[in-house]
């Protein structure tokens, strides 16, 4: 697979033409170059730790995870790292990799502010414990990666949270978002209000992470968790609403195969297919 | 939002009247008072740890998590803490918060026995590893919170486990519970027998945690896991069977938005809506 | 329940005849004998740690977990331990139990190679972080359990990965597997290619773990995760394709009740019932 081939075959209309001419060595070399972008040039302690008992998995991680997937066009390294730290934060069960990829996010150019905002965003999809633990991990990593930018921002909280949230909800999700809120009137109107006030009024309107990247993180988290199919559909639609592309959706779901498993990626694609079919 | 408004709007028939008159300061002050009930007066080390890099999330945790949600009427502080430790035990991926909320459960008046029983109950919904790890956490917390009550109880094990379980199953789930067991005859009759003998004969018949609180914990766990939709419906129905109210169901699901994320809460409400619709 | 009874009642056509004649003491004694096979004769530190605050759960773990479930015929101890370490690796949230059961797998005769292969297999179903963390745990356990066999194998990587994978896919999943890949042509053809090249070309064709055991592990992981229902159906069918029996499927799902909770086991049985119904 050359990158040109790869670009072609990520076109959601292309037919797959498996190109097996590429050697393992070429895939591994490309993967190693990608991994070095994430590690900032060092080798990966996590991979070194297993190379003695499972050298082939270490090889697969480089050749497949970084050579085949991470190196693909369609998402920038920054987008891939935001999607990855969001997914690992939401899963909450892979602390070493979360720290590794927070450092990786910094190494490919994400700001500390963007990482912090991603984890504040995590509170919506995986709860506050997941967000708090991810931020504790970020704190450790930031301490070891001195930087000039200040991740600490206190945003203004004045104004009408509900109205601000409703405007954001309309901008992001369109009529469907308002429908979700209205659908709670009969059973949990206050949760509908919290969706508007907290999720959209407090979180989505924050600066520091642009809307398409927020939705990219939402897609990554809902896909990795595998328990939020209705929300995944909502956020794939929202991502496209705010300027995301179908290729970016497919690339994000494909990347999740490496961090949450192929079933998570395949089930995410089932949701994507439904949404893509809405507007041929 | 005043508490009066909140009471009104948790009525599942009420229309949401977003009241945005309340200031951030008022929400934060109410949240801080609630948080102090949970911490027993101290500040939260977990929040302090992130206030340097994500002060806004610390603020959201207090104003939204404790001010908007935890302070709501409809569930007692003891019910909220049992639901929370059950959910965190089932998720098994937020150890610091589990320890924090076990201490919080003690601080709001839960007995050590109730906490231990909640985690024995966890073995049914999330497996023995989750239960054993939660009890290890409880052991740590209990050591730091000397109390008079003895959590250690060895219950009698004589008698007919199957008959005792069948009686409990009928009392809790009604005919539907018996149907679930019968439905296994064709494929895994012994698992049906274990449901009766272990889940109902051994666990549900234990003293130390009343039936409505057991079902409240079941609802919290099935909602947080997000992988047990059929069982969530069964236990919402069972909770209502044993005296729980619809408001308590809605409050428990709403609380899960904070500990497992909004998708978990929203999907739980979809299940609740189905059950509530059965008996208008 | 005597083992004879148990054998009878694991026949998926048998009607459950609850035999409650057996005493708690007999179940506990059988469980203790089973547990000693897993621990290699020692007592379980994990159980000892909780016996002071939850002696009844320690008792349930022995009498129910090991006496009722683990001691059942239908799966060999080696199969049970492979299913268990696969499930705990995929869940990624019970590190002490994962280490305990890796040692248990060695104690009942699994080779270090089989355990390593199981965790390489885990990368497919739960992602690389889960696989890497499980291998780090295996590394710790192996260091404390010197053995002669060498888990380290570097398999040849020459040849056509796509063709090799396609052959394996056909052998394992039959036409349905090819259909899953083809179904991705319209949206993510490259993920379809990775399924063939990585999952089947790189992983499934590896030696060191026979195909039925690989599918047993796939079933255990998809059941424990609870987020992969379509894939669980695929792999139950595949397990039967490569020589697995319905009784082994039911036993594996039943064992998951102990490690991931009864809802996971019950939902897995719903999938199994669908597959079993295809070929009466």
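A few points about this structure:
As written, the chain order gives the labels A, B and C, with residue 1 at the start of each chain.
The criterion applied here is as follows: a contact is a pair of C-beta atoms (placed from the backbone, for glycine too) under 8 Å apart; a residue touches a chain by one contact, two chains touch by 3 or more.
Please read these numbers as outputs of a predicted model, since none were measured by experiment.
Steps from chain A to chain C, taking the shortest chain of touch contacts, total 1. Superposition angle, chain B onto chain C, using Cα atoms only: 120 degrees, a multiple of 5 between 0 and 180.
Averaging Cα coordinates per chain places chain A and chain B 29 Å apart.
Shown for chain C are the residues in touch with two or more other chains, namely 91-93, 225, 227. Residues 6, 9-10, 12-16, 18, 20, 24, 46-47, 49-50, 52-57, 59-61, 64-65, 68-69, 72, 88, 91-94, 96-97, 225-227, 250, 253-254, 256-267, 269-270, 272-273, 276 of chain B are the ones touching chain A in the complex.
Across the complex, chain B meets chain C through its residues 90-93, 112, 116, 119-120, 123-133, 135-136, 138-139, 142, 151-155, 157-158, 160-163, 180, 184-199, 202-203, 206, 222, 225, 227-228, 230-231.
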